[in-house]
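The next part holds the structures, each set out as structure tokens.
Each of the two complexes below includes chain A, the first together with chain B, the second together with chain C.
And now, the complex of A and B:
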């Protein structure tokens, strides 16, 4: 491409301009992380013995592994729900007039305009024993005794899905918007019905957006401390709360630090799977 | 070749389309196209060409009128049931599918099995002279090659009508000529009724059996290239197709086949009334193409002063200022030694023949 001289110009600005951000990261991200790692290498709370004892403890403890597993599973479930509900919204967005587009964007963004705490309490009101769902079902005579919705996996997944929905929908809207609408028409004129067009053309071409949305939603869902603990309650324990208990309540800082590092690595592993998938599908997006 | 199936006829019957926004894009268009014809839809930007094409393909449901393909009224059929092949201006190849998958896409939708599909795709790629590109992705092809693939993909479903929306607009001049010849060759081979949308008049005149000229959503003229060029029915057609000199004047006397017009430039000439009899004493615009003017030595014709002379290869164009101050262009074939016309030289001009000057009632 003829863009070569232009891009050389850009690089000639040097890395200096990135220095403030680099410094910020160094001070407030890398340094605490190193400190965390250093802390996790203590075998006791007093910091007298060094070693990998905390990691060994976590990795051999079925309870801890269970918490890690259920947290990763929770992320997968929330991501799946967001994808299944978010895709049609994004698809619709590209096919309605500008007025309805504004309405859809507003609905998608609305959750971001209220605090997570407020939204989570709203879910408690909706899902509780005397909450909106149970009250409605009972008055309709569908059920006799209230369903247990709050403090269940189901409740946490639904609440988290609503809270994280914008993170899925926005990348999807962008990805679908980048698909040439003529491709739809071309597919149709070649004799393909709507379903074939969707699965052969629209879905593969929106893959970069799907992967971006999934990565964001997943990362946000498994670390969503407030929603997880308020809707999940005492019985459901996920990594952020587990970590908090170890650090704050039990004052077991080295173990909490090890949990953080392990959690971080687990999240990184999942996210890198997504990004690898993203790189494989990059061929689709452009062109 | 196997394609030859005799294209089906296409009738556009009193089609009007108004977009929901209120824009009247197409107004009462009637086209009667025979099977196997190549038709060009010619018109300036925004005149409704794409809209008409999309109505025929079934992407837009027209507000009024009917589309009839062969013996069937197809208005109720969705695009995927119309068997209309369409090549988009930007080609609209599927970027994530290989060239052969692109070409085979329509066959897959029809449930043709994989081996047969690949064989047919290969055969079509050979037809468009790209047999070695089957495994590439669209973006690894040049614009002209993508164009051929889009054509092969549209032909794969053996459409009864082929629609091309500004198919050559993005190609440079040489490639455009190659592709025009190529498309015409493929069309002759397959006999598919073909509609080409273009705003390039040379393309329309050179490729089409008949040309439909549109302006502001209305059909101005539908006729053979020579009809449109030599016997334009409206002032718009005369000025849009080819270049022309517009000379105002007053009708001295007129009947159905000829009118004597006194030009403001100062001469009486005989012109052809292009659209019905002209009223005596009425103002008219006479259109004479630069190549239909000649220098005359006697006192006939109108006087003028040569401004600039532009040698354009095979022809030389002289700009002449007439007595009423308007500019007139005259082009001369460059035969042997062309006489050099000096700027400022006084000359007299006249049309080559009365039938080559078209008179239209002046619109005020």
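And now, the complex of A and C:
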């Protein structure tokens, strides 16, 4: 008992410790997804007739394709807004003292921890007909009738950008922190201006962070069911709500399963494109 | 002359970056502040700024038994899901961190995948499987579903904490004759505790806030707080919801303050 081999590695633990969680995931994560895939390959609700009918239905239906397209576009718009607004926050974070750094981190983290329903509710208050923006513009005499901000693409993008901003900003803060500040000085002393230094030195070197942030923001934005449905309203339909309607209201499980699989594949495709870009950019950043 | 141009150019860059950063920070914080202010209104609508201030909607909240019931359910499910996530997640993190084996990397990807996959699709899939094996939806299925989507936070934060642990500490402890269990209890656990707590905290918050999984896995009798709020908001703009939001925001800020004291929510931990 006491004669444990001297070569035994005391710094790591056996893989057996991962077994309970692996089993849990196998039963309650992998198995459900396989069952989802299995059902999506059936043409009837009972799951008796094999076929690709559900996928053919989705891929030949202009309405379904439109929902998929607008969801993917929404993700791109939200990611772009988050990047443009999130990068300066990360930049500012590297320039201020430790006290202000803590303040910035807390401001960035707070929405991540606040309930999504609460955050979305806030945007309804802000964007509504009697909301802050309309009330302010009306009292300034800029507009006579309230602008329609809620239930528009603009409203959904802004609300989602605020909700997902931390997912973009945190990886950017980490990435910018890894850049040698001397590079900045070197570039400037060699005659490049601040803008040029930013676009030619800082931005390329922070690409791993940009890509990590974009992946998280994009995946979160297109799956953000609550914000999409509350700020978007009934007129705008995105993939999560489409899936939910088919599954819950219409009880069309095989079609809902096919929507889920197509949506899953779309998310995976985007994530793997970003991951590949990330691998390439790391090579670039290290060069 | 060119020196002056340089300064002007540098100034324009700093000005634009700082301004955009400040606008972005205001954009992040403004919605929470607006809800907080509106929740103290004395009026019946969500007009901003409010016509007057009172605590009437918070008093109203006191009698809203439907919300109390939903909040109790959400709390119970979140506590169970967090407990299960910590037990399963910490054990798994110990196994896969530091290991260069392919199986460890694959398990890591598997345990992280609920973070990127659409939770609604997982909720539907879990409902289908449970109905196939004849397990009716109940608080139990809710806890199982929530654990799947919450455990990645515990695994990620614990792995990050373990990565910062000096392996020499473990070797020294072993050389001095401590058993593995003793070393774990007296050396490893105290050092990774902040990571575990941070992970458990985020897991708890995300379970308490979860809608997509709960939508499919709850039974009719189990009302969950975020779903209740969401359905209330679809119907009408209720000021009581603003007061409830106020309570949730204040509770979150308080908990974040405690967490900051206990662990320090550095960007490294939450990356």
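Everything that follows uses one rule, which is that the second predicted complex is superposed on the first by the 263 of 287 C-alpha atoms of A that agree within 3 Å, B and C clash if a C-alpha of one lies under 4 Å from a C-alpha of the other, contacts with A are read in each partner's own complex, and residues count from 1 in each chain.
Throughout what follows, a contact is a pair of C-beta atoms (placed from the backbone, for glycine too) under 8 Å apart; a residue touches a chain by one contact, two chains touch by 3 or more.
All of these numbers come straight from a predicted model, not from anything done at the bench.
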{"item": "Fit or clash between chain C and chain B when superposed on chain A", "value": "fit"}
{"item": "Partner chain in contact with A:193 - chain B first, chain C second, else both or neither", "value": "both"}
{"item": "Partner chain in contact with A:110 - chain B first, chain C second, else both or neither", "value": "second"}
{"item": "More chain A residues in contact [chain B versus chain C]", "value": "C"}
{"item": "Which superposed partner A:182 touches (first chain B, second chain C, both, neither)", "value": "first"}
{"item": "Touched partner set for A:85, first chain B, second chain C, both or neither", "value": "second"}
{"item": "Partner chain(s) touched by A:65 [first = chain B, second = chain C, both, neither]", "value": "neither"}
{"item": "Chain B versus chain C as contact partner of A:204, first or second or both or neither", "value": "first"}
{"item": "Chain C versus chain B - closest C-alpha approach in the superposed model, Å", "value": "5"}
{"item": "Residues of chain A that lie at the interface with chain B and also at the interface with chain C", "value": "188, 193"}
{"item": "Interface residues, chain B side, partner chain A - complex", "value": "57-59, 78-86, 88, 90, 92-96, 105-106, 109-110, 137-139, 153-154, 156-157"}
{"item": "Partner chain B, residues of chain A touching it in the complex", "value": "180, 182-183, 185-193, 196, 200-201, 204-205, 283-284, 286-287"}
{"item": "Complex interface listing, chain C residues touching chain A", "value": "6, 9-10, 12-14, 16-18, 20-25, 27-32, 34-35, 38, 45-48, 87-89, 91-92, 94-96, 98-99, 101, 103-104, 107, 110-111, 113-114, 116-122, 124-126, 128-129, 132, 144-145, 147-148, 151, 155, 167, 170-171, 173-174, 180, 183, 202, 205, 208-209, 211-212, 215-216, 226, 229-230, 233-234, 237, 241-242, 245, 248-249, 252-253, 255-256, 260, 265-268, 270-271"}
{"item": "Chain A residues within the chain C interface of the complex", "value": "10-18, 20-22, 24-25, 28-33, 35-36, 39, 84-86, 88-89, 91-92, 104-126, 128, 130-132, 135, 161-162, 165-166, 170-171, 173-174, 177, 188, 193-195, 198, 215-216, 219, 222-223, 225-226, 229-230, 239-240, 243-244, 247-248, 253, 256-257, 260-261, 263-264, 267-268, 271"}
